[in-house]
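In the two assemblies presented below, chain A is common to both, partnered first by chain B and then by chain C.
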Partner chain A sequence: MIEVRNQDTLLEVRGLHTYFYTYEGVVKAVNSVSYRLNRGEITGLVGESGSGKSVTAQSIIRLVKAPGRIVEGEVWLDGQDLMSCSEAEMQTVRGRKISMIFQEPRAALNPLFTVGDQISRVIQLREGCSRSVAERHAVEMMRAVEIADPDRRASAYPHELSGGMCQRVMVAMALSANPLLLIADEPTTGLDVTVQAQVLDLIRLRVKSAGSACLFITHDLGVVAELCERVIVMYAGRVVEQGPVAEIFSNPRHPYTQGLIASTLRVDIDKPISTIPGTVPDAVHLPSGCTFHPRCPFAEELCQQEEPQMVEAGRDHTTRCHIVSGRIEREMLEEAWTLETA
Partner chain B sequence: MRLLQYVGKRLLQLIPVLLGVSIIIFTISHVLPGNPVYLFVGIDTTPEEIEAITKRLGLDKPLHEQYFIWLGNVLRGDLGDSWFTSESVAQDLIRRFPATFEMTTAALLLAIALGVPLGVLSAVYRNSWIDNVSRGITLLGVSVPSFWLGLLLIYVLFFLLRIFPPPSGRIGLLVSPPDRITGLYLVDSLVTGNWKAFISSAQHLALPVITQALVTLAPITRLMRSSMLEVLGSEYIQAARANGVPDRQIYFRDALRNALLAPLTFVALVYGNLLGGSVVLERIFAWPGIGRYALESIVVKDYNAVQGFVLLAAVLYVLVFLIVDILYFVIDPRITA
Partner chain C sequence: MEFPTQGPMMTKANGEAFVQIRNLRKDFPIRVGMFSHVRLRAVDDVSFDIPKGSTLGLVGESGCGKTTAGRCLLRLIEPTSGEIRMGEHNLTDLRSEQVAQMRGRMQMVFQDPGGSLTPRMTIGAILREPLDLHTNLNAHEKDQRVRQLLSQVGLQEDHLSRYPHQFSGGQQQRIGVARAIATHPDFIVLDEPTSALDVSVRGQILRLLTQLQEEMGLTYLFISHDLSVIKHTCNQVAVMYLGRIVEIGSTEEIFGSPTHPYTQALLSAVPIPDPTQRGKERLKLPGEVPSPIDLPPGCRLYSRCPYRRDACLEPGPPLLQVGGSHKAACILVDENIHFGGGNTAAALSRLDQAHDRV
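And now, the complex of A and B:
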């Protein structure tokens, strides 16, 4: 396979496998995942809970919790292979080249230290500057993420701030590094809508102005449509479809993506909301063939027997489906999804 | 400022607690079967004489009146006289308490000094050799009774190896105790520069302290380990790692302070318990502390002494918890006054 390395590619993940070795068996949380992130672009990573989105992110910064382990794969960041770095080198990548924003801002802040302390500490670690310089910088960062009265707020403890405020603090901490790559793991879950929009604006603004890349993990397709240039859809540890947002939303090729889009409430089209039947499969005993076949309205015998390969489905748009690849001749009707609704 | 306010509030709260404690202690000792008057009389005492003694002791008055008289005495530091030692109970307790305090405090400090790092290391290097060694030590510590461990240590370290002196109390038989300032031999001998007494009392402290420390160490280590593991698995530690914070800082700055919160309550519980005197160890090591005093008083039905001891133990417990609450307040900003 000829690699086309785009000048704009910042992060390239190739054949990433992260498995969890549990008593019940091996969970292939991330199974042969490959994708690229471009500079100045926000890429949405979507999928249901348990599809391997967060583990993908943890794998990039090599912070997979036991019993998980990165089994194989390459992660290239700006020409550097992160998988072959030493742990000490990784520590200089984390919080400098790659920053991360977490899902639960309050849980991601240490309850026993003031937020100003926590931001300035990260700055001090990175810059090697004096404490007072770091503290000033921390207050500036807090002002940059529109925290009112940052001087006073800096001496507040996480429990004294609202969830939205805590998330701003996390964003300030992550952005203070001017990272090449920003990973945001469901950063707006649990925030109310106006705060959500503000946090998203902050992320967009910083990514665009700094020319960095952002991996935005979410299960909210609405946010993806609004924020992202590209989207990667994961199902049961595999990437099932990826491509530009406009393309994927107007012409989803994988039945799972179609189902996800059909199950999103849209204000512009008058149609009933459908659901994808069934649930995410048991991670230890994945279905044979295409892992989506038990829930797929178009599945045929081949889908149970053979795993589909990634195929071109359009311009810069790939998917993993026997129907798209032409192995199965069948039409995918959009009505299939609406029929499922009771 | 915030701290002072909190301490003040907690001290005020102590008043009803201690009043409650005093009522319970008084009630229990007065509803116990048996008439204390008979302790003072012979076989041929006439009913008139018994009545006179009852009157003299104030036992004919209503119970609540008796309580207030007793409480007034207690507040003046009068816990009554022990009829066994024929001295004031307060004096007896004051004389013996430093022995218990010195031994248990040293044992607890030793247990913390070893148990906390051991627990942290076994969490950080989970399932490594150090975790296994610590698991072995703690398993022994929880399963071996203290009297057996004490006797074993006496047998090996005194009788066989002669490393430590015999269990003959707080200081060598031929060494005179240091002049009393605090009653703590180590402190008093240091302050007065009495090296001979210092060395002898340190040697005599060693075995009971090691015994007590080993027993106390076990649960502290296990608690510290599990608490540390829980903290290390938390989001904010993951977030700190994602921000490139090096491991050493993660363990000792971010995690340790959080992980100390849970074992702190346990340490308070143990300390409160130990300060009431360890009856078994004080007996084995001929340690003249309040635990042994209480035991001897119970055996001879010395009610005043037992009552005084229980009151002291209760007050100590309450004080230890006051101190721990203040510590929590200092460490954890989430606790509000």
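And now, the complex of A and C:
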């Protein structure tokens, strides 16, 4: 395991399974997921609601809520096996080695403390320094994330700040621990585009300058194209395709990735509105074989019967599809996604 | 189908303004302290026309007043002043009972598909309700109409006895659309109808809306913060910032040659799903939208605009003609300077040159 580790690899997830044992049945939210994150790189994790992207992140920091449970899998962070850590050891991993930015900054911040207090507490915990030193450091962090007038804003409560400002505070808090790994779960969903651009710039700058790795969870392919070096595409709990950003966008091999790219509307070019037919499957009763087959325009009998394995689709590019692996001989035509014009 | 006030609405010729908004204004009093109030002008002097059968997109960031404007149009909230005309009717003159009678002709589709459907009513009951309120159909005819609606929006008949939570977000929005078209309306306000939906489902709803518009000759006001959705669904676009329309024109004009600095910044901030486009030069606005309370009379973008000058602080600016139906509320339009595609440095140097000449 450790021998095969690439020097640049910071996080390696292997065969991760996280299931939710619900009243209706077992939900395989994360099903045999494996990937690596490299230092200094931002990796985008894309998928629609219910694809398991957030649960993957929660599994890494071992904060899956009941009835969810990590059933199987290994998570290695910088040579440390997180799955065999004690809860006390995990406490030091969270916050010091891994920080997380959540989608709703207001819900993630404590409404009863000023934002300066909340940032300085993180610094105090990490550095073991005095409160006054931590407070000074907190103001510096707020300045670093481009909060205007940080001295005054440090004594503001979350409700006194706008959504974009709260998200900057979250970024400041997450980065003040100088983490090896930053996990950002839809950090710009709900922010206005002009503010989103600012927050993305900030994350990019801080990750690059600190040489840490970032797992950026989003449903917006535009954000991935602008920010990330690598992409992981998830569908119904499984990774269906992963590879370098340029490769995935110019040569997507999995039909789901193709459909996702085709149905993303763009402001810069005119094209007809494409859609993927059908809806995301019910998590308890997943389709047999390839979980995407009921919505796939290229599906054949084999796709219903047998689940495809992950295969090479290019340099550093893997996907899970019978057509790519050559089990089914068929051409995937781009026209399949542009059935009608708007 | 009979309506209480049958006008010559349906015979209107295409191209003529069907919905006309003039100087619409909406103030909200905000309490500060025990007894005093300040004024929040959510919608400020908004005017536009929507021709029959076409779509106007109202775009802007959160708090710009686009939803408030949409609700004022239907008189779901009372405008402070201004005029709203729909076909032959001046909605602002009508008493609230008369507006209630008009509701069958003007409908709304809401952003949160789950939250806008009553959880304890079956789909059948939800779709029958507007028919009970606005038509004189008998029970059998209503039943038929409900079934017809289901097939129009792509749902099956066995869905009738189910409850909203048994549907996916996309299906719930289809139900929302079916409810809106139940009474054969002329005008529908679509308030972020696809924002809560996944990418793959969003296209299905947009297509459904376009198809229904063609079949039923519907006129839409499409409210969204998502420029890519607006671009693909609207004939005309109005860009709002802090309660005012800062730019209005045809979709080609707005996306092809955005003129107001705010529109340029908004467009250049949208991430492009193509890694080869990375690193293109952008017009970035510093800071965030300021508080809309007690705003100064000048240009609303002043605090964030890279091209600002002292003249921008004077009251106004009005919407100035750029070309065709294209108008922008920026004094620089008058100086006849066209900023090229969001290229800040180049535009600024052109601006400086122009200024030196003056």
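Definition applied: the second predicted complex is superposed on the first by the 331 of 342 C-alpha atoms of A that agree within 3 Å, B and C clash if a C-alpha of one lies under 4 Å from a C-alpha of the other, contacts with A are read in each partner's own complex, and residues count from 1 in each chain.
As a working rule, contacts are C-beta pairs under 8 Å (C-beta built on N, C-alpha and C of every residue); 3 or more make two chains touch, one makes a residue touch a chain.
Given the structure is predicted, the values throughout are model-derived calculations rather than measurements.
*Asks:* Based on the superposed arrangement around chain A, label chain B with chain C as either clash or fit.
*Replies:* fit
*Asks:* In the superposed arrangement, does A:273 touch chain B (first), chain C (second), both or neither?
*Replies:* The answer is second: A:273 touches chain C but not chain B.
*Asks:* Return first, second, both or neither, reflecting whether A:112 touches chain B, chain C, both chains, or no partner chain.
*Replies:* Touch partner of A:112: chain B, not chain C.
*Asks:* If we overlay the two complexes on their shared chain A, which of chain B and chain C does A:93 touch? Say first, second, both or neither.
*Replies:* First partner only.
*Asks:* Using the superposition described at the top, determine whether chain B or chain C touches more residues of chain A.
*Replies:* C
*Asks:* After superposition on the shared chain, which partner residues are touched by A:193: those of chain B (first), chain C (second), both, or neither?
*Replies:* In the superposition, A:193 touches chain C alone.
*Asks:* Going by the contact rule set out at the top, does A:49 touch chain B (first), chain C (second), both, or neither?
*Replies:* second
*Asks:* Please give the least Cα distance, whole angstrom, that chain B and chain C reach in the superposed model.
*Replies:* 7
*Asks:* Quick one: which bits of chain A touch chain B in the complex? Just the residue numbers, please.
*Replies:* 61, 63, 65, 91-96, 98-100, 102, 104, 107-112, 114, 121-122, 125-126, 157, 159, 170, 173-174
*Asks:* Could you please specify the touching residues of chain C with respect to chain A in the complex?
*Replies:* Going through chain C, the ones touching chain A are 61-62, 168-171, 198-204, 206-207, 210, 225, 227-229, 231-233, 255, 265-267, 269-278, 282, 284-285, 287-289.
*Asks:* Touching chain C in the complex: which residues of chain A?
*Replies:* 48-49, 148, 162-165, 192-198, 200, 219-227, 245-246, 249-250, 259-261, 263-268, 270, 273-277, 279-280, 295, 340, 342
*Asks:* Under the stated contact criterion, what part of chain B meets chain A in this complex?
*Replies:* Residue positions touching the partner: 233-236, 238-246, 249, 254, 257-258, 331-334.
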